[in-house]
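Got some structures for you, see below.
You will see chain A twice below: alongside chain B first, and alongside chain C after that.
Moving on to the complex of A and B:
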């Protein structure tokens, strides 16, 4: 689910083109956009506080065979929320799960991991070693 | 697997239209209104009753219902309302298979009579006809209403509910896609 929430609609559609066709679905709720309050805890274990509201799009669908899928994604991309909900429902079906995992989820996860590594490498190039600076003086 | 079915096709305009219909129904007690654009509600919910709850109930209004687990799941998903086991603790009640005691429901207080419960009651038949003669605020002279499928002793319970004014419970009668409201001020006599 995290992989689908981080992927955009174009990336999911592109991967789905190579996967077995998804069954038809009916929308139970949404896709609709709203605000949720993001809460945090200072230091990870302090008293909870309201960090701020974030825009979230949610969708719930039911496939023709009765499986229900839900998705909440950050932002206003209704197509992404609907695709993620359909995939959430289809991935619950053991006969579809392996094909979808290898055609959609794993390539998306690999692309996201590669991007994260690339960004981490770019950030590491400008890292300042405060300890080193202290000893250089 | 789940029996969940969709709620309103277009939630905002449909809920607004239902709310308008309920306002009209409450303003003219006993007049039968027909609703359009109703949701596909799971049995035993009548579409009009289901639409009323989607319009009225939310996370702050505890709901009591006797309509069974499928209907409860549907209402919890679409309306997001908490369900309670005790009729007296509910703000809205949906009675599909019988009727809870009116005297046991939340009737508000003398200072805050609007805190009372609203009972949505599914009945077998509802039309303009010679069963009851209604009088009271919102009715110029009298209004005739024929209701089928109410328990015996309803009229006595309703008279006792009206006698507590300003406290008391309001009632919405639903069948199929039709509804009629009986606010606590309406007096009912057997016609004929």
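Moving on to the complex of A and C:
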């Protein structure tokens, strides 16, 4: 679900083109956009406080075979939330799960990991190497 | 009469709004700004509007900036107004900033600390000379260099001090914080409520107050223990699921100010912290917030409350720029009747003075 929350509808749709067709679904709720109050901790590790709200879109669906899926994703992308809910339901079906994992979830996760690695590499390039550290070793 | 006046006002307002729309668009010969451009190229303005609008949504903040013609307080106001139209699904689990995907992390207290000093995309060390190369459009900069990233953990500086017993620990708590958006501010305001007010407070106001504590109004001796900026995962537990799921990532900036504390009858001398956390890349705001947070802890730490930055009511009642704008700008509304009574009073007093 974390992977789908970080992927936009376009990316999910592109991956679904490579996967077996999803079953038909009925919307139980939404997709609808609302707010979640994001919290932090005082001092970083103390009591919780309210940092500020964020937009979140949620959707719940039922597949023709009765499986129910839920999704909550940051932002206002209703298509993303609906696709994530359908995938949440379909991934509970052991006969569909392996194909969906390999065609949709794993490639999306790999792309997200690659972006994170690239960013970490840029951050690493700005890491300070002090001269004193080099000479005193 | 009143009816006629209202109709006249309506026409004037319509014309004013039409002119505003024209001014907003500017010279139609020039290409129109897209929200994607604002989001990408005015990213720090977007971050500030999200922080002070107290609503994380980059696209909405970009729209607000466009609609407000770049007036960031007006944009924060628009975002605050919009959020009132949305239902609240609940509250997230507290974000864990020690698990942040770090883009920047610096400490002014330890040169060599585990995980190192990571400068990130900062204005620091630029010479603040206008770069006329940017005036000539069309340039795409060289890609930023990359280096192999090690997986070394980046422990909090406050945790390093706490290990030695030199930093007052935060007491573990899962207490439900009060929420300013749900109930009016009242005093005394406990620290979580104060932090919420500061996180959405005006950067300029907090900057000046933080500065005042450095200049002697509040007797602060702060060090930047640590500033870190990067993406944190936000988790939420939907009631229908009963376990937390990831909603996505948001970028935040965190500042831990380390302050001297001489000790009291019950506490040994040790360091105490001031804490700042804001949406987006907002280092100045996070630092100012941390300074003011520490100043507002004076009473709790048994220090004299003498300076403006230490005064809860003064700080919390005045740090919100949307509220402040409302009350300052309401002076523009018709006060004809109020003023008529003032006029008559002054005239009466003058007549009395002249008569004597």
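Quick notes
Throughout what follows, the second predicted complex is superposed on the first by the 125 of 137 C-alpha atoms of A that agree within 3 Å, B and C clash if a C-alpha of one lies under 4 Å from a C-alpha of the other, contacts with A are read in each partner's own complex, and residues count from 1 in each chain.
Quick note on the criterion: a residue touches a chain if its C-beta (ideal position, glycine included) is under 8 Å from a C-beta of that chain, and two chains touch if they have at least 3 such contacts.
Values in this document were obtained by computation on a predicted structure and should not be read as measured data.
In the three-chain model built by superposing on chain A, chain B and chain C fit together without any clash. Ranking chain B and chain C by residues of chain A touched puts C first.
Looking at the shared chain after the overlay, A:41 reaches chain C, while chain B stays out of its contact range.
In the superposition on chain A, contact is made by A:62 with chain B only, not with chain C.
Look at A:17: by the touch rule set out above, it reaches neither chain B nor chain C.
Note on the superposed arrangement: chain B and chain C approach each other to a least C-alpha distance of 7 Å. Shared contact residues of chain A with chain B and chain C: 32, 60. On the side of chain A, the complex with chain B involves touching residues 26-29, 32, 60, 62, 66-68. Residues of chain B touching chain A in their complex: 1-7, 11, 77-78. By the touch criterion stated above, chain C contacts chain A in their complex at residues 50-51, 54-57, 59-60, 83, 86-95, 97-98, 101-104, 111-112, 116-121, 144-150, 156, 158-159, 170-177, 179-181, 191-193, 195-196, 199-200, 230, 233-234, 236, 238, 240-241, 245-250, 252, 254, 256, 273, 275, 277-279.
Considering their complex, residues 1-2, 5-6, 32-56, 58, 60, 70, 72-76, 116-128, 130, 132-133 of chain A touch chain C.
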